[in-house]
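As structure tokens, here come the structures.
Next, two complexes with chain A in common: one pairs it with chain B, the other with chain C.
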Partner chain A sequence: MTGRGLVLPALLLAAWEAAHHLGLSDPRLLPPPSLVLARLGREAAEGGLWFHLGASLVRDLAGFAIGAAAGLLGGLLLGLWRGFDRLVGPSFHAWKQIAVFAWIPLISVWFGVGEAAKVVFVALAAFTPVVVNTHEGIRGIDRRHWEVARVLTLTPWQTLVRLVLPAALPSIFTGLHLALIYAWLATVGAEYFMTVGPGIGGMMTEGREHFHMDVVLLGVLILGVVGYALNHGAAAAEARLLHWRHR
Partner chain B sequence: MPHPGTLSLDHVGKRYPVHGGELEVLRNVTLTVDPGEFVSVVGTSGCGKSTLLRLIIGLDGSYEGDIRLDGARIRGTSLERGIVFQEHRLFPWLTVEENVALGLLRSRLPEAEKRRSIAEHIALVGLAGFEKAYPAQLSGGMAQRVAIARALVNRPSILLLDEPFGALDALTRAALQTELQRIWQAEGITTILVTHDVAEAVYLGDRVVVMQPSPGRIRRVLPVPLPHPRDRADPRLADLERNVLDELAGLA
Partner chain C sequence: MSAPEPVALTASVRLEWPAFAAGRLLRRLTGASVGLIVPLLALAAWQASAMGGWLPPQVLPSPAEVTALLLAMLESGELRDHTLISLSRVAWGFGLGAAGGLALGVLMGLSRRVEETVNPLFVALAQIPPLGWVPLLIMLVGIDEALKVLVIAKAAFVPLAINTLKGIRAVPPHFVEVGRVFGFGPWPMLTRVVLPAAVPPIFTGVRYAMTHAWLALVAVELLASSEGLGYLMVWGRQLFQLETVLVAMAAVGLIGYLLDRALAGVEARLQRWRQIGAGEVGAGGAA
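Coming up: the complex of A and B.
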């Protein structure tokens, strides 16, 4: 986000700050940006912010890694093994329609109230988009390229490494990118809806309970910044690894 | 280096199941291609000439009759048989060098030999200096040269070409035809070229096989008794070209 894209947020922040100084808003309900920034400075200095942020990121990345790895495997099986697709495909496509939050009660019962349940939930959120996009990426491989692999008598492993994975990579990246976003949303969701613990969601829940709206707003700000950073990082990694497309 | 192969087709036929019946695309094709010979196959679209190549390369195993290379019946694809398709079919995520190397993935040659063969074949098709380029950076003609190098790198005993220059502009096509003649002479490889370009078929082939459609079968085989390398402006080529065109016109 550069240049003109920054104009609107800057104006909103200025209006928000001005509303406070003009006495138009109640700082207990809507603390101005200056107070939120002051809270940011305090939390960062005292270490509370890093503790919560670290807890959320570890949870997010652990769930993402598990979900994405399982999703990649599932997508490869669906894409490369016709029989598996016929057997499992229809059930999977029905199953993926269930909103991921519907699983929270079951996961809580099955995996307890600790960290494991939250990571499982995040993994589940990351799993689906990776399966769907990996599967689609493989199905979209040009038949003529498959023929080249056959003509050159490549082994299944060579075909996977030289043809299937690179050809499906743009689509797999789309899946991973979505998974990264979903995993972060799920991390916050898990922290809200499951047991309170360390994490940005937990910090916000605590802030709400103590009526510290500056803490809540700080949480919102951090969620946005982390989401933006993850999104940006994924796009940069994608551009780097798919350089052959842009020459 | 493997010797150039002898290809024999014996009463080859091919039918496709279609809705409510069968479509006969090839009937009774019998032809022997001698070691090192260059045979051109011409015909209108739908005469089954591309199907014939798919059978020889081994992409389609269900046919009638017998296809043998050096006496052994063809079973599936093999590194003994190389093919160049109408589209280059390079893998866009691999460089020129890596694409050519695909042809040696299943080879038992030592690494150093492989590297030498890859470099030699890139030079053979005139692309030395472009080893690290990606297909998207190449022109259509250059990409097709890479496809030729990929087909030849494992030194197959027969090279099949399926309308390899059909998608190129006229100037590039003429240049690549001359190149192909040089490469074929340098490698001494048995070659079958399928094309609908009569001038190309006559310019390159030792024999021209004229096919006719519905069902696809051989109408006539015309020898081109001129030594290689040939001069495109040779009036004898023009006469032969007319003969082939007359054969094709007789089908109408």
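Coming up: the complex of A and C.
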């Protein structure tokens, strides 16, 4: 089964490589996989790759941490406090309609185009899905569970820790997972839109400007690998942490 | 939390009823207006900041400036023109991407062999954010319309292919068995059994695809464009006319909202149609 899945990628890569050796494609426009791999080796050895990758990942995770923490707090407030939901909920739902990239011009005016602006933008992208899913997770808690908590006269803190968080956890994880994907998308976006600096997006923009197609392709490859790793890391963590629910 | 309503005596019910209804109406009105408190406070703070000159207009223009610009742009048709350009890009990109995603999803859904062959490559390529393709695409197709349409198409393609595949896989096997009993060939089986049964998850995919397409449009217009709502923002940002940026942001939010609402409406309709359809299939089978 896995064998069959490898056929198509292998054929594509072979055709791509062969096209180069038969002189069918211009290596400046479409460098073959072997050249991209050579570039990967060179960049990895010289450390440029780690420099850019590290810068992107730090930015991504810092933004994600800030956005997710704020989003969790916002979602808990909206979900647990009716008055807050009625006060802020409509504004939040209107506000979240603005496609996240539309904030870039405003953020770049307010925060400059340095590191702070990029992290703010990534945090903003991570914030919304966490709020929405935390809120939905709490609202979806069965009324009977609340009644049990009241019968047992749990304190608010106990209700939060013993009832709300465990019951809303799957939904919260969905939000965090989405936030991780959005944060990575936003990291790439921020690196394109705000002045060139260290980072995979910056590396690709620079590669394009110097017509180094192998650098651009290497960037695409790395974006995919990191996206895959984040996605699968999140799914694995989710499965592990929610393991107790399936007993 | 919800204390039981005081039980009224039968005699007084008729007297209390209008008062009760009025109370409920009042509560509902306040319920809606409570949501307006925050925006109004924000607006008041914004206005106060403008009047007090706390922030330079290049950082935060006054509400009056933004409103004036909005009205001027509505009147001159400028806003409409940029919006129409953005919408036509989304229509092209979404149309292409959604059609391709639907086709791939159906093919993978119907044939395990196609799924096993194509899906790993598809999943691997789907991991790359739509924006990740931009530098590559700029080199291959330039920065004209083709770039925008392709990036939007890619953004719409992935969710639709994934949801179509899932939707078809979730079709109950006995539906297909019934189709077989009726001696359906592959085409009637697809159009009369599999696709109708898979409509709700596919439509969820359509909504995701539209959300992603709209997001991609804004991104790609910010990057490389000389017209459209995203361009309006870049232009306003460069001239430090934040009122232009704010007007364009409001338009982006409103249109994104309307697109999603419209699709949600269609989705609700399709669900209803499906329930009625399911009832009719049952009746037809009995007759």
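Just so we're on the same page, the second predicted complex is superposed on the first by the 241 of 247 C-alpha atoms of A that agree within 3 Å, B and C clash if a C-alpha of one lies under 4 Å from a C-alpha of the other, contacts with A are read in each partner's own complex, and residues count from 1 in each chain.
By definition in this document, a contact is a pair of C-beta atoms (placed from the backbone, for glycine too) under 8 Å apart; a residue touches a chain by one contact, two chains touch by 3 or more.
On a predicted model such as this, the values are computed, not experimentally measured, just so you know.
In the superposed model, A:W110 lies in contact with chain C only, and not with chain B.
Shared-chain residue A:R144: touches chain B; no touch with chain C.
Once chain A of one complex is fitted onto chain A of the other, the partner contacts of A:H21 are absent, as it touches neither chain B nor chain C. In the superposed model, A:V216 makes contact with chain C only, not with chain B. Set against each other, chain B and chain C touch different numbers of residues in chain A, with C touching more.
Once chain A of one complex is fitted onto chain A of the other, the partner contacts of A:A102 are limited to chain C, with no touch recorded for chain B. Contacts of A:N231 after superposition: chain C is touched, whereas chain B is not reached.
Taken together, the two structures place no residue of chain A in contact with chain B in one case and with chain C in the other. Across the interface of their complex, chain A is touched by residues 31, 34-39, 42, 58-59, 113, 116-121, 124-125, 127-136, 138-140, 214-215, 217-219, 222-223, 230, 233-234, 236-237, 240, 242, 245-246, 248-249, 252-254, 256-257, 260 of chain C.
By the touch criterion stated above, chain A contacts chain C in their complex at residues 1-2, 4-9, 12, 29, 86-91, 94-95, 97-106, 108-110, 184-185, 188-189, 192-193, 201, 204-205, 207-208, 211, 213, 216-217, 219-220, 223-225, 227-228, 231. Interface of chain A with chain B (complex): residues 144-145, 147-148, 150-155, 158, 162-163, 166-167, 169, 244-245, 247. Chain contact summary for the complex, chain B toward chain A: residues 57-59, 77-79, 82-83, 85, 87, 89, 91-94, 102-103, 105-106, 134, 136-137, 150.
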